[in-house]
């Protein structure tokens, strides 16, 4: 199940874009998650100043969607892919914001980097908007939740 | 010390680029860190296949530097800034890779988002290169280590 | 004929990229038009200084073609699409320049935003080149002329 | 007051970036406006589905702000400028949405193209979000309202 | 064999993106080469300071791969294409660095501009890294080595 | 005169953006040249179909100017710089097109990469437009002609 070598590095260790020509086009989907840890006072202030009707979550959502679309510009060995769908959503809890992203397409290679880029950049956009109030935030865990192909 | 309001959101909660016209140009520097948690076997394989002479860390470094330069494209309310310096470095440990980035410039606003974008995208680039071997990696903590202005 | 809801906004009003996975790939074409209203003296000066052999219309044409290719970067919820063709043409009249653009591809979603982005940015590029002479120009009407799929 | 020649075209009509080296750095500000004409039913549906708490205006605002930041990529002869501030706001009326943008900086050249790009792309983003309901929208007038330097 | 007219210019000489709608999707591959001529002392210094384990070639490789992916942004009449593979490799000789690039995809139009952009920008990236030592480098020959479709 | 080390590589060979903080802002100018070698029949066809009034040279000029503005995106260790001026010009000879570019600004670091990127990408854009007629073109020499600071 686990490959024994990094497919993105050749036998000399040189970086390469994997040649996907021989892979079949399949329907690909990936879901990722990032958690932005904040002070409870930050979340309270966010609820007061910007939720439910302010722009904060919309700005982060758009930043995430745009990042998924440009994943192949950000990540050097990523293939440029058309995307059928990108979604970014948020759960605002007492001391953190959970960001969940998904990406899907029909392609020869997976879309996990697109989903991870979306969650990651959405977290950065939130950080940027909240940082005037909270200097101690951290993105705590960015990971792939699942990916499928069929 | 802590401001009571988000400067990036107005009284209606609408997003806005902060007007920095009245702020003085100062020398700004920010240092950020991200940790990519990997299986020890992944790190061993990385040491064997790509360290010390392969491209893996160079690719991630470049991805991070380029991300710092385009932080204002990725993060909607970020100001476009000239940068004097961006650096990204790595410490490969038994079960993780520690990514440290710094950015500096003379500007009216800080460069923490540039440093965070560098660490964040360098981590994504590493993830992309290592994911054929390790499906369970996570970016564990992305945070600002310090920032200065003078 | 008219849908009763905005497909780009969900039931909470949250923005979303429409999931086009279930739509068939069809041949899509869209034609758009923008009108840049100028003073007659501006048009006379343009004819004297830059028509027929100057670069002015070529610069605007290229700006428009490039904008169509990056429509999905400019417009947050737009899908990235390969394009078969983008064309931008101009009709210079006594008091206006009529810009007509078209875009076509085989895709799951239409190319009207690509055509509109082309006409719109071609108009901005003309505005930029003519503004040293004419401070009162306006883009008067930017609209879709027709779109087809089959 | 009106210059007799296009500064962006040389004596052969060839396009050129104006050399701004000799111009003084001044505080520049520009305000632009675009009007998106919609059917009254579209506006009613927008008020019901997405105002006041939906993302629609936030998405368009971000699209406009990002377009101002990349004006020099969109408009071939535009100078890349740092920006102190970009703002985009909306007035939703019975049969149109009025988009007002402003940009400001300290630079050797004006920021009217940045403001116009912001208003123009914000209008395109709104068009994109509303087009599933209304096929007959048009951007009716895109123009500079005023610009200052001092 | 040789077409008598430029397909990218119409009968008036106006630039156009060729409409590729009627062309079949074929497997396309192109290989290009650029030669960066350097002083022998530069090459010796490169071998000492950065080969085999430094980042220099990795940086140039990534620059080339990224340029192939954005060829349609750099070259105005180029079609945006998905790419199956981009590779950039180097041969460091006594007085020059030979850069060889290849690009491949399934598309309606060839990928020679993608391969040429990769070789060209990889050469620029090397030039940038070596220029503090050698002021007299030149890219000596950038050309297509071969292209295939089937 | 000649530095003994590559400033873009540290003592381990790792790539780095040079820290320009300590350098004074100076007026910088650089001039570069590229030569596109073509068959004489290609040049004759170009003169007939596209010169003097066609778009071919304007397209290449714009491609070059845009590339100068995005040099820091193309070349990983380049600093983002504001530019006062970018110019690209052409001399069409019997068997070649000579492309000359210049870039200037006030900055802490030189603009030779901007000038070289402009000449290089302008050559690629010409190649793209002429390639349907001439399969054997080559960019023959891309080099810096001079650079100044004061």
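Going by the order they are written in, the chains are A, B, C, D, E and F; count residues from 1 in each one.
Convention: a contact is a pair of C-beta atoms (placed from the backbone, for glycine too) under 8 Å apart; a residue touches a chain by one contact, two chains touch by 3 or more.
Note that the structure is a prediction, hence the values are computed from the model and not measured.
**Student:** Among the other chains, which touch subunit B and subunit D together?
**Tutor:** Chains touching both subunit B and subunit D: A, F.
**Student:** Counting C-beta pairs in contact, which chain pair has more, A-C or C-F?
**Tutor:** Result of the comparison of A-C and C-F: A-C.
**Student:** Measuring between mean CA coordinates, which chain is farthest from subunit C?
**Tutor:** B
**Student:** If you average the CA atoms of subunit E and of subunit F, how many Å lie between those two points?
**Tutor:** Those two chain centres are 15 Å apart.
**Student:** How many angstrom between the C-alpha centroids of subunit F and subunit B?
**Tutor:** That gives a centre separation of 30 Å.
**Student:** State, to the nearest whole Å, the distance from the C-alpha centre of subunit A to the C-alpha centre of subunit F.
**Tutor:** Their C-alpha centroids are separated by 36 Å.
**Student:** Any chance you could list the residues of subunit E touching two or more other chains?
**Tutor:** Residues 14-15, 53, 55, 57-59, 61-63, 66, 76-77, 82.
**Student:** Following the definition at the start, I'd like every touching pair of chains, please.
**Tutor:** So, checking each combination of chains, I get A-B, A-C, A-D, A-E, B-D, B-E, B-F, C-D, C-E, C-F, D-F, E-F as the touching pairs.
**Student:** Okay, in this complex, where on subunit B does subunit D touch?
**Tutor:** Result: residues 14-21, 72-73, 76-77, 79-82, 108 of subunit B touch subunit D.
**Student:** Show which residues of subunit E lie in contact with subunit F when the two form their complex.
**Tutor:** Listed in rising order, the residues of subunit E that touch subunit F are 2-9, 12-15, 34, 45-46, 49-51, 53-56, 58-59, 62-63, 66-67, 74-78, 112-113, 116-117, 120-121, 123-125, 127-135, 137-144.
**Student:** Contact residues on subunit D for subunit B in the complex?
**Tutor:** Spelled out, the residues of subunit D in touch with subunit B are 27, 57-58, 61-62, 65-66, 69-70, 82-87, 89, 104, 106.
**Student:** Which residues of subunit A touch subunit D in their complex?
**Tutor:** The contact residues of subunit A facing subunit D are 52-53, 55, 57-59, 61-63.
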